[in-house]
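Read from first to last, the chains carry the letters A, B, C, D, E, F, G and H; within each, the first residue is number 1.
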Amino acid sequence: MFSLEGITTATQDWLLIKFNPTIALAIECVIVILLSISLFALLGLVLVLMERKVAARIQIRLGPNRVGPGGIFQTAADTLKLIMKEGLTPDTADKFLFNLAPFIVMMVAMLLLAPIAFAKNFQIWDINIGVLYISAISSLSVIGILMAGWASNNKYSLLGAMRSGAQIVSYELSAGFAVLTIVVLTGSLQISEIVAAQQNGWWLFKGHIPVIIAFVLYIIAVTAETNRAPFDLAEAESELTAGFHTEYSGMKFALFSLAEYINIFIVCAIGATLFLGGWMPLHIGHWEGFNHIMDYIPSSIWFMGKTFFLIFLIMWFRWTFPRLRVDQLLNLEWKYLLPISLFNLLLVTIIAIMGWHF
Amino acid sequence: MGAISLIALLIAAIAFSAGGILVGKIFVKGSSNPQKGQAYECGIPTTTSPWHQFNVGYYLYALLFLVFDVELVFLYPWAVVVKKVGMIALFEILIFIFILFMGFLYAHKKGALKWN
Amino acid sequence: MNISAIIFYAISALILGAGILAVTSVKIFRSAIWLLFSLVGIAALYFWMQVEFIAAIQIVVYVGGIVVLIIFSIFLTQHSGKEMPKPTKSKMIFSALASLSGTAFTYNLISHYDGFTFNSSKPFNTSMNEIGTQMLSTTNYGYILPFELVSMLLLAAMVGCIVIAMRPSSNQIASATIMLTESEILNKKD
Amino acid sequence: MQEITLTQILFVSTALFFIGMYGLFTRRNLITMLMSIELMLNSVNINFVAFNKYLYPEKLDGLFFTLFIITIAAAEAAVAIAIIINLYRSHNSIDVDDATEMKY
Amino acid sequence: MELKENIKGNEKFPGIIHETPGGGIVVSSFDSVINWARSNSLWPLSFATSCCGIEMMSTASAKYDFSRFGFEVARASPRQADVIIIAGTIVNKMAPVLKRLYDQMADPKYVIAMGACAISGGPFFYNTYSVVKGADHIIPVDVYIPGCPPRPEALLHAMIALQEKIKMGMTREQIRTEFKTQ
Amino acid sequence: MFLKDYISDVYNGVSSLLKGMRKTGYYFTHPKEIITEQYPDNRATLKLADRFKGEVIMPHDENNEHACTGCTACEIACPNGTIKVVTKSEVNAEGKKKKAVDALVYRLELCTMCNLCVVACPSDAIKMAPNFEHSVFDRTKLTKILNKPGSKIREGIE
Amino acid sequence: MTNEEIKEYISAHAPNATFEETGEWLNIIIEAAEWKALATAIKGNPLQMDFVFCLTCVDWKTHLTMVYHLTSTKQRHNIVIKANLTIDQPQIETVAGIWRTAEFHEREVFEMFGVHFSNHPDLRKLILEEDFKGFPLRKDFEDPINMIKL
Amino acid sequence: MYNQTEIIKDTTELGPEGELVVNMGPQHPATHGVLHLVVTLNGETIKKIEPHLGYIHRSIEKMCESLTYRQFIYVTSRMDYLSSHINNTACALLVEKGMQIEVPERAQYVRTILNELTRIASHELWIGAMAMDLGAFTPFFYAFREREMITEIMEDTCGARLTMNYIVPGGLMYDIHPTFQNKVKAFIKQFKEKVVEYEDLVTNNVIFQSRTKGVGILSAEDAISFGCTGPVARASGVNCDIRKIAPYDVYAKVEFDEVIETAGDSFARYMVRIKEMNQSIRIIEQLIDTIPEGDFVGKTKNVLKLPKGEFYQRVETARGEFGVYIVSEGGTTPHRIKFRSPGFSNLSALSHMAEGSKIGDLMATMGTLDLVIPDIDR
């Protein structure tokens, strides 16, 4: 893998030379569309396989290993099968909303890709409200779930949807506060600036204990926001069979689970950007030699490495903990996470104003 | 690229989902039977519809969320300029958060955060 | 027609179409969903006008908060699958006429008013820095007082909500406990 | 056609306002009425932002007004829904026609 | 008894192959790709009624681990499942439920009858008034595994057999859909 | 006091969770603990317990002879009618008429592997075999005739 | 408590009771009509028969016999109480209010034997289908469709 | 017969205001088989639970009336398949009691060891299944690893993994496998090492504790009144261990404690089972080295005929008291046979325990009741 900065600028230059600006823009759009679709497909395949492999390792078994070498085509087979499976719509459902819901969750997941910096200068749109944009768009995903749950006309779906509605909105708060701590330290919402601020050290290390607390809060909150175990009440198998997507089958179901995995990727990418310096290599103070060596590793690898580390963390949670009960889940947010993050924000503010961080 | 990219992404999402669903629609011929369209409820015919008014204990959380959400929104512009404005910003936010924390404590006292 | 205009028309169509469906749809849940689309459309319009901050807030507050709240309250108070009773024909026609004429009248007013002075000498700057600084400034054009007042408003709203929404439920709990004790007595008897 | 002018944006906001009004007239259900009011508030917000952008681009007051309107709308919606739920509990209906009778 | 021939080879196939009425089986390369995907991604419905269900759980457990074949995605909802493993006795009261579950599954769907009970009522064949004498009276079954209960390897064997059957396009499901399109 | 409880709550909770994660993390990093045996691949080395009750078989020796006298003891012992002994009259070498087994019909689909028939058989003609790969596509394939075609009763068994 | 004391106590409450001591435990045969009163009596002091560990019915072709196996978790003595019922109109008072486990057991006996438990709070079929005809555990039960005789 | 003539009910029919009637089961991951609960919900709170049984009613009692005393034993291992050995033992004991058959010491020892192994296997499976109900998947795999060792031992000796049919009236079907003792010892060693793992993953986990503590409380009086037995009753402080009250086989000779907890909640039930496994290990340790030599089966007639009369045998299965009640007319088949299953009574307490709690609590409660539905339906 290389740093992708060169490629993008070269392409853009070439396009601008060859065509007039409008057509160049159109072609770029097409490129973005193709890239994002393939990223989606690839991420879906990789993450699902990774999840299954991680689960298997933790559970002292082998995991998929018979489809292709080491089982790497397992998820490809699954996807192909899901595409080629009947996607039925129950007669009793609200057909329009039932079929619309997967589109909504997909669109939300896709829109969230825009501000993520995958590598140095490789970003679809460095929007000036970066992290706020992320929290805004991700708050839309709850609608998709509520819609799916209601439109299915199924009791499990509805209960699951309601649960996840309450859960997602609640945990948005502490995720927001955790993000705010970094905004306070950086003084900008723009992703590129946040990354740039970590030139000489990641916030996780620079920001003392408050940032570490914020990081922990962030991880917990996004785990809940993406409906992952131990907060997967929306699809709690033992309680609500399959939760809000009980009635979905085939590709529509695949879209839901794909969106779930993409959301995990995105929140982990954001987490890596905010706390672990995004594509910034690991730099330690004034160790010039060390920093130099780190610079040789391409930025995209840094970014992916950090993101996948966080993803692994979230998977590790899933395969370790039992699920919380609904009221405990909401309690956790309102009684623990929210007060702690409010207090933590004040601490960080003091640190930022006093300039106590490195 | 700017905002155009958002539209491009939207198109990508729609194309991706619609493509997947359409392929399935075209190539798979499903059987049909009267049970298939019925809601799944552990293999028992459903008798009551869920589209029926029932108690949700969650709305109180949604109410509180709304309040805190608006607060969070106001904190964003503040957070951006905290470093520039300095101490005043800290005091301003102290008052702001203090007032809201009062509300939070009130809610806690009243038992609004307790599941009923 | 340039791209920006096309996008504007698309967004306007979304806003107005979804808005109309929101007020005419017979299923209340669908109505809420249409409202949601209309609100998202408005956010898109803000995006189009390059006030991203407001757009984001529109989505966070309206879509993430208010619509979810509305949906919850629908579940609590409605048969969400049942069709709502249609208003009477005459009422519908009357309201439609009133609204249409209102629109026509206002539009007439706007399109013939040429008092709008376009002084686009300075670019429209909505960077977060600007907003933040002005919000926290204590000078003439600062919004620090409203900013602090907002917290009071939110506090009031929160207290109000809790007081209003919690009261009858405690009654219900009381009545439930009475019923419970009764049944317990009955159980104890045999 | 050229650039979009202020007039066109104002037309959208006007139309939205009257759509909200239509809803307010025809609906008899408190929640749907609340939804209509939200639409009307939003049309006002559009106006604020549009005027700010087109007429006074050097200032930000329109934005702040929108911001505060959204805040107030949120607070209003929260309280309104609390009231609606309360009303529903005591009357078992949130139809305005029923609510006027105040039976309990 | 040689697995390689029994399962890998197409000639010596366990069981009879029903000829498709009206012609042979044409498996185009497109079909074979699809069948490859389908056979390698059989998500079972977590359906277990009695003792055999415990052996099904054992098959899922670390020692036998049917996730190696990609079967571990047990779905609780029939909409997302591909195969019902009827693990256990089916009684008259359960029969409509099983039928309904099968009906509610999205196509294509397959059925494995696990254990004597699911095949024929097994130990409860005689003198019982409530046991269905074979699940294939209710829904079409693709693969039968005798045993009471069949050991986990036997279930894996049946799964492999089902995979082969799908790859050959010989499941009842596939034959039925071919009927329709003709 | 309240604050202390609060903090200790958080601390205890987090530490118990971390302990759990350490355990799973241990297994994640120790692939040696994996106990999976890979069934179709390990088929050559797979050794089942020799007592494993997989199906009832009737051992035949190299002369295609078995030990079944056709006494129907197994049929009587079987709790659910899995075995049907079809007998025939046979004229043996000395010219005496004798009952002999024509077909020992065994319906694997019904068998519950309870071993009662084996215990009941007076001449140990049948036994349990540790086979398990019985999967078929057609239920009728499961009805077997245990004595091989043309087989005879072994000399000297009454 | 010895069997003699138990007998004495029970005779006081159910004068028509006869006793039988051939089996493992003391068998008490009573009239169906006496059952409820006796049940209340033996639940309390001094017998404290608070635990019904088996409740079933036996079909003798001519009559049905309800069999209650009782024990005391405090004193650990077991008794078996039997009550004969007619085959045409088997009816006995419920004891679901005394021992709550009886509720389910009686429902089971109701559907399997057709014994009617008067005053039972919820006497419906528990195990069989709603429209099941007949009482399967009775000796004269025939089901030619489902039952294959060996 | 199974055509789709079933009428599809109109789904617009409405339940009472504010309530949601949800069917849980018969096909539901948490009902462990085919229990059907009709749950009336008010929000997430359970207002009423109504169990519907019979989805696996196999008419075993009727069937047994036509099976001989040798044959009917095998059916009992299909009832509570997780304690199949113990069920078989109960039947064998009853026949032995009725016909006064002497059982050799060796057989009694082996039976006891196997019974305890079965109990451990059953509890292991339960831990996995319950953890799964509560949303933790990994303990299931760890628990099955140990359980698999037991099944291996069973397979060596009895020839089957789950439904053994190893016990016959009078003793055992055949002698134990030569490696039996060594394998059991190896298992004990491994088990002692690994059982502490559950502490990290399950017992001490805050989430698990808060999900189970104070959930599904059953008081001692209720437990007795509902006829609960086994770990369920013992967690409420009722001592009801048949191995202590009416010892059979060699339980009178071994030392072990009856595990009693008093809280009566789901966590107590969990702890009872964990501790019970340790007690089982203790019993096995006492017996495994002292299995006497000798016959493995006593002298029995070829055709077993129980004398006229009534017989009852109680044993302690992994789920509680299992009773066999036989009315014999003196023939080769019983006149009436009744199995008193522990799960049936335990289930009847479910609605009492779960009413007023959340759906999530129902899973914890139901999980710790350890229901085996075929045992309940018979």
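Details
The rule we apply is simple: a contact is a pair of C-beta atoms (placed from the backbone, for glycine too) under 8 Å apart; a residue touches a chain by one contact, two chains touch by 3 or more.
For clarity, every value in this text was computed on a predicted model and none was experimentally measured.
The chains in contact with subunit C and with subunit H alike are A, B. Within the contact network of the assembly, the step distance from subunit E to subunit H comes to 1. Taking each chain's centre as the mean of its C-alpha atoms, the one that lies farthest from the centre of subunit G is D. The greater number of contacting C-beta pairs, out of the two interfaces B-H and A-E, is seen for A-E.
Inter-chain spacing, taken between the CA centroids of subunit B and subunit E, is 40 Å.
Centroids of subunit D and subunit H (each the mean of its C-alpha atoms) stand 62 Å apart.
Mean C-alpha position of subunit G lies 25 Å from that of subunit H.
Separating the CA-averaged centres of subunit E and subunit F is a span of 20 Å.
Multi-chain contact residues of subunit A (touching two or more other chains) are listed as 58-62, 65, 84-88, 92, 129, 132, 150, 153, 155-156, 158, 162-163, 165-166, 169, 172, 188-189, 237, 241, 246-247, 250, 319-321, 326-327. Each of residues 67, 70-71, 74-75, 77-78, 81-82, 85 in subunit D touches at least two other chains. Shown for subunit G are the residues in touch with two or more other chains, namely 128-129, 136, 141, 150.
Here, these are the chain pairs in contact: A-B, A-C, A-E, A-F, A-H, B-C, B-D, B-E, B-H, C-D, E-F, E-G, E-H, F-H, G-H.
By the touch rule above, subunit B contacts subunit E in their complex via residues 27-31, 33-36, 38, 40, 43-45.
Residues 1-4, 6-12, 14-23, 25-29, 31-32, 34-36, 38-39, 42, 45-46, 49-50, 52-61, 63-64, 66-68, 70-75, 77-79, 81-86, 88-90, 94 of subunit D touch subunit C in their complex. On subunit C, the positions that touch subunit B within their shared complex are 3, 7, 29, 47-48, 53, 57, 60-61, 64-66, 68-69, 72-73, 75-82, 128-129, 131-133, 135-136, 138, 144, 147-148, 150-152, 154-155, 157-159, 161-163, 165-166, 169, 173. On the side of subunit A, the complex with subunit H involves touching residues 55, 58-61, 92, 153, 155-156, 159, 163, 229-230, 232-233, 236-241, 319-328. Within the complex formed with subunit C, the subunit A residues making contact are 22, 94, 96-97, 127-129, 132-133, 135-137, 139-140, 142-143, 146-147, 150, 153, 158, 162, 165-166, 169, 172, 188-189.
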